[in-house]
Amino acid sequence: MMAPSVLLLLAWMIVPLAMTIYFSFLRYNLLMPGMEEFAGFTNYKYFLTDPAFFAALKNTLILVGSVLAITVIGGIALALLLDQPMFGQGIVRILVIAPFFIMPTVSALVWKNMLMNPVNGLFAWIAKSLGMQPIDWLATAPLTSIIIIVAWQWLPFATLIIFTALQSLDEEQKEASEMDGAGPISKLVYIILPHLSRAMTVVVLIETIFLLSVFAEILVTTNGGPGTQSTNLTYLIYAQALLQFDVGGASAGGIVAVILANIVAFFLIRLIGKNLES
Amino acid sequence: ETLTIATVNNGDMIRMQKLTDDFKKSNPDIDLEWVTLEENVLRQKVTTDIATKGGQYDVLTIGTYEVPIWAKQGWLVPLDKLGDDYDVDDLLPAIRSGLTQDDKLYAAPFYGESSMIMYRKDLMEKAGLTMPDKPTWSFIADAAKKMTDKDNEVYGICLRGKAGWGENMAFLTAMSNSMGARWFDENWKPQFDQPEWKDTLETYVNMMKESGPPGASSNGFNENLALFQTGKCGMWIDATVAASFVTNPADSKVADKVGFALAPHKDGVEKNGNWLWAWNLAIPAGSKKVDAAEKFISWATSKHYSELVAEKDGWANVPPGTRTSLYENPKYQEAAPFAKMTLDSINSADPKNPTVKPVPYTGVQFVAIPEFQGIGTAVGQQFSAALAGQVSVDQALQNAQSLTTREMTKGGYIK
Amino acid sequence: MARAISTRRKVVWTGLAWLIGFLIFFPILWTFLTSFKTEGEAIASPPSFLFFRWTLENYHDILTSTRGETYFHYFMNSVIISVGSTVCGLIIAIPAAWAMAFSPTKHTKDVLMWMLSTKMLPPVGVLVPLYIIFRDLGLLDSRIGLVIVLTLINLPIIVWMLYTYFKEIPGEILEAARMDGASLMKEIIYVLTPMAVPGIASTLLLNVILAWNEAFWTLNLTTSKAAPLTAFIASYSSPEGLFYAKLSAASTMAIAPIVILGWFSQKQLVRGLTFGAVK
Amino acid sequence: MGSIKLEKVSKSFGEAVVIPSLDLEINNGEFCVFVGPSGCGKSTLLRLIAGLEDVSGGRILIDGKDATDLQPSQRGLAMVFQSYALYPHMSVRSNIGFPLKMAGVEKAEIDRKVEDAAKILNLTDYLERKPRQLSGGQRQRVAIGRAIVRSPECFLFDEPLSNLDAALRVNMRLEITELHHKLGATSIYVTHDQVEAMTMADKIVVLNKGNIEQVGSPLELYHSPRNLFVAGFIGSPKMNLLSGETAQKFGAPTVGIRPEHVTLSTTEGAWKGKVVVAEHLGSDTFLHIDIDGIGQITARASGEIPVRHGDTVYVTPDEERLHRFDDKGMAK
Amino acid sequence: MGSIKLEKVSKSFGEAVVIPSLDLEINNGEFCVFVGPSGCGKSTLLRLIAGLEDVSGGRILIDGKDATDLQPSQRGLAMVFQSYALYPHMSVRSNIGFPLKMAGVEKAEIDRKVEDAAKILNLTDYLERKPRQLSGGQRQRVAIGRAIVRSPECFLFDEPLSNLDAALRVNMRLEITELHHKLGATSIYVTHDQVEAMTMADKIVVLNKGNIEQVGSPLELYHSPRNLFVAGFIGSPKMNLLSGETAQKFGAPTVGIRPEHVTLSTTEGAWKGKVVVAEHLGSDTFLHIDIDGIGQITARASGEIPVRHGDTVYVTPDEERLHRFDDKGMAK
């Protein structure tokens, strides 16, 4: 019964993967047909010795790590806030959840042009109204800007999951801790956070999957620059594949990314597998 | 039959889509299906398709960069049946030469552009200067400094800074030509270690630091246009098509204060810092609808089409930069004050001999080899980092030199 | 057994929550407002928040534009592709998740995790091979092709979500059905599926949203016939020509359907998103 | 220390009045059991005492001092919840030690006290386990451990045994009773189990719709229920209640006779009936007998009696043990 | 129709042998109860009969025919699960009618049968409700309705009452017994509740670690337990088991005496002890007495006896009712 979907996925994985591996050993540029020849590990050599590669690797990890940190911590804070008694909780939830539905391209365009732009953007206007020098977000802090944009998109996801988990916390457990003399902080540290650990694991897992391949936001806002400051692995491969049309190089990059993703996946899944078991 | 036409989403192309009834009138059996996309997306998709022989499109909108490369690969159908009244010789020679290979025209220009200086006459006056016919970079830098009034958000000069081979590198390559620099020597050795490039980049960075707007390193055409239109730029060197936007009172606050001048050059260097670009229509090899496609291209790039636009939307909106006859038309000259400057700019660019020193490639603001998109963007990233102050000019040039050498070695150009 | 809360405390929390909610929502609100401005007002400084001349011109332009096809063409493609891929995904995933949940083997967990890890591969890496495959199969620019791709892309998540739902269904009920004489198919149709309806619904929703917003494959494998709203947006973000207001209007039109769907179904969605993390 | 006094305590949830007005005194060291039908307000009353709900009116005195406005943690009470409410992510040791940790007690001191409590509750071998690795009865004991560790003035139990199976319930019942004797602290215990109430309580409080129907020792309630409600509620199997003509004969609108207070015979007796179900437990026999003109009554006999489904038997109520109730259902 | 025979049935889960080898015959129309400690294999055995698990060895004959390899649905059995396993998305009507629908019975016929079943079970008013709108007892009845509607040869019940509260349990117990009398179908009933086993069974099967310890009628097991295990298992409160010197006096390594078979006195008797806990139920009194040199024993007296915690009492066992066991724990 598992067979159909597993087979399909297998095909989905294996066929292009095999082709990619094959291409990665070819000197193959789409724009120069007829010149394909076996190139050994040349493509890998060039990809791995590209100075941009380590920058991209670092940026990828920083991006994923920071967004995870922001969304998980922010998600907990927001979930705790939403859990307080208030009027119009439903509406606030609707406001908070909305960024999750926005196409990445659209949100990148909006942030870049209408918010972060140092001259016409709203942030600049606010800074100027307060008598401060507007920050040139995308030039001086490109990776941070992208982290902000991506975190904005994923914060609702984290909030929602953590909020739901929070609501599932047994009321009697909270009362028991009150009887035991726990104040708000102790309650948070000893009762609530441990209860949320499973939800946080899910957030980390799912977000990591999507964050490893963040791409549209970078393309629209900074084009990976200035320099390679906001280039991540996916974007680097994109540059190989769709700017240079260097299929060989991009394939090698793809394979490297696959291997790295699997290393991440391996640790993540071990961590999470355990947490999801119980 | 249905033609699938891939186009970019600029104003002229959109206008053409609205005028297709005219084409349908004379060709009732041909249906048109438009694929309108943002430039970079379009380029990616069209290239992927043509290179893998996907056969998705019958008519392509491609730039002057692609035409020679693709023609050489045999990916384009030569346009030899454009019709008797098409008048190929009317096409501007600079534009036409970039689209011609072995005496065959592989793409028909829909509109062409160069770059020039747009400046605020009022600010220039206030600074006590007048724009010379052929300004030099030192004049520009000086004027920019004098026009700048940061407290009131007036910046002397706005230039492209966003990384990309078609973004900052289009401007910087053109600028470097006017400084006497070149991308490669005759042996395809990168030239970023030469003083001319250092001169170029230093001038650019210093000028922008002193008189440019904040955030310049992520500014492209649109961002600068917005700045200029809202009165925040003293001078702007960019595509000639911008002229019609900045002089349009509906969108621009400064419509009546704009002057135009030829792109600058360095004292003693004969080349100007302007580029040459055209959007062209071409037919991919392997299209099964070559005849219909050619009919369409002929219609869209004909004089008749110009008249059609003039009739519907006025002469100012006719696609510029392709035909001599347009610039000789007094009605156009009257409607478009920037006509002469555009023509001069286009004519002063020579894609076959873009620089002072000899080069092994064609292209004014690009190098027409397949690797250029990647290299150009990577170098562009370095230069935009220098502009943002993230690396020094020397460092940026050094990085550019080494990464270009790498890629050229990989590409087999440097043995 | 909630305790009574003082109104003053409630008011304080309400204020804080509304403020933060508003801040998070602001970029979307801003886009929405901008879509009613003229291009000039859209870049005006200082920006005007509500007191500008409201115009529907941008929407008028979009709905009557002759750029390729009309908005509705893209919209329909988006609907067909996202719903189609989700339905296909469910048809494949339900039996698989059923098998994993109710007759697990030693390797079930590994298979699941492996499925998830396939989602971590960068799609650009396999674009060219896939493009070639699609060309040879004649699937370029076809809705079927996109449905297939998106089905496969989202399959791991669908399988996992369903798996966690099915695990919550007590095995005794399925055994009861077996005692009652239901065959395997009938068991799935009459008992399992209806019981998992909330779970399936939320899986469906999440996947419609993911598919709706998927911008890489939908953009690269289509030209016109099958192009969805992501392509529509791509035709509005131009490096040459100033379209902030129009872009805002186009963005609003592209995201509105899914935002509204998301809002209406948020309860379902929340359940779906939690992947059984929260019981 | 440890006496609890409720003065005119009332509680409403919005419109709904759950406890109209209630006075009650529980003495130091007493084991007091609240019983009553589901929804009658037992848990609510307990939670008011614990401070988990605010009273709508009246005062709560703990140990003579007004505790109405104190926080739960300041009242010096400990509570054992029906669901145990153990902290699932903490080991047994941490669970039991948690109240001490919150009180800022030193690590060594905590360890000592936790181990003492574990010894009392036979949990020493399980200190490092997580709650989910324990059986129901063990979890129950951990919950109790968490309550006793800080030597509270008074224990509150909300149906602590209702999640356990029958055999375990019997054991835990004895353990709690023994513990009560050992610690001597006041305890308030909510249950709906007859046997628990009867065997554990010093004092039973019968609640109905937020009102106290009767307060007294188990045997007081058994022997002299104040009204029909208490009569029907206390005792298992339930008292047979008869009305109409039969009752008139005994001079009251309603009379009640407990199953164990009738005499059975196969040959003669006051009422003749047919056995509907005969339940032979070995030690006892329960007969459900259909009596002409009276209806079905339950009779109980010690040991075995050889009757089966369908047999005819005679039943004689023990008049001395008959309960008589007036029109309003009050005992006469 | 309806007889069930197990021949050398065995079952292992991987390495773990749950049922080594077991023979059992259940006659047509019999009400057979499986009892035994938790984990002894009761449910497994029931599920083997149902066909929900495959046997590892041996044969299962239903009604004389080999059913070992038949699908659950082909065996003509109906099962009532501990959790009821109702289909939550179907109305009561559809729940009860589901087996008929699966069997391809006509719509009209289904309706008729469902309504008949509902009438028997007093569910007529609830036919259109969803399970979640029903009380525990009603849900239980729906589960039974689903079982009886297709007139199976045999009913299988797996602890069907363990999720109900005490009062409901008593009622449902009577209802199932009555139903059994009415329908007369063979029933196999798993429980760990003493009272259920004693009152409902025609035949009790005592299981221990997958082996049958004894098969017999409730009173047979009560009076003559075959071994120590059965003696300790059957009867509530448990039989007091004594060994050592005391037992030697009665001429056996171990002797057992049930709590109800001792005589209590405050003045004289065979053994002197101190009351540890006295549980006064009104109808009975349970005393847990610590006797010097013997240990703690439980005694039961009808009605009340005025003893309290700490009192000294004398206990005299009824020698006629003493059970004697040899070295191997078998009854002598």
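Each chain gets a letter, A, B, C, D and E, in the order it is written, and its residues are counted from 1.
Everything below uses one rule, namely that a residue touches a chain if its C-beta (ideal position, glycine included) is under 8 Å from a C-beta of that chain, and two chains touch if they have at least 3 such contacts.
Each chain and its UniProt protein: A, C = Sorbitol/mannitol transport system permease protein; D, E = Multiple sugar transport system ATP-binding protein.
What you see is a predicted model, and the numbers here were worked out from it, not measured in a lab.
Within the contact network of the assembly, the step distance from subunit C to subunit E comes to 1.
By the count of C-beta pairs in contact, the leading chain pair is A-C. Relative to the whole-protein C-alpha centroid, the nearest chain centroid is that of C. In this assembly, the C-alpha centroid of subunit B lies 90 Å from the C-alpha centroid of subunit E. Between the CA-based centres of subunit A and subunit B the separation comes to 35 Å, rounded to the whole angstrom. Distance between subunit A and subunit D, defined via averaged C-alpha coordinates, is recorded as 56 Å.
Mean C-alpha position of subunit C lies 54 Å from that of subunit D. Across the assembly, subunit C contributes 1, 43, 45, 127-128, 132, 234, 237, 244 as residues in contact with two or more other chains. In subunit E, there is no position where the chain touches two or more neighbouring chains simultaneously. Under the contact definition stated at the top, the residues of subunit A that touch 2 or more other chains are 30, 113, 119-120, 242. Against subunit E, the residues of subunit D that register as touching in their complex are 162, 165-167, 170, 174, 177-178, 181, 192-195, 198-199, 218-219, 222-223, 234-237, 258-260, 276-277, 279-283, 286, 288, 300, 302-304, 309. Within the complex formed with subunit A, the subunit C residues making contact are 1, 5, 9-11, 13-14, 16-18, 20-22, 24-25, 27-28, 30-31, 34, 42-43, 45-47, 92-93, 95-96, 98-100, 103, 109, 111, 113, 115-130, 132-133, 152, 155-157, 159, 209, 212-213, 215-216, 229-230, 233-234, 237, 244, 247-248, 251, 254-255, 258-259, 261-263, 266, 269-271, 273-275, 277-279.
On the subunit C side of its complex with subunit E, the touching residues are 170, 172-173, 175-182, 186, 190-191, 194-195, 197.
The part of subunit B that touches subunit A in the complex is made up of residues 40, 44, 47-48, 51-52, 69, 73, 153, 161-165, 167, 213-218, 223, 226-227, 230, 232, 370-371, 373-375, 377-378, 380-382, 384-391, 399, 402-403, 406, 410-411. Across the interface of their complex, subunit D is touched by residues 170, 172-173, 175-183, 186, 190-191, 194-195, 197, 278 of subunit A.
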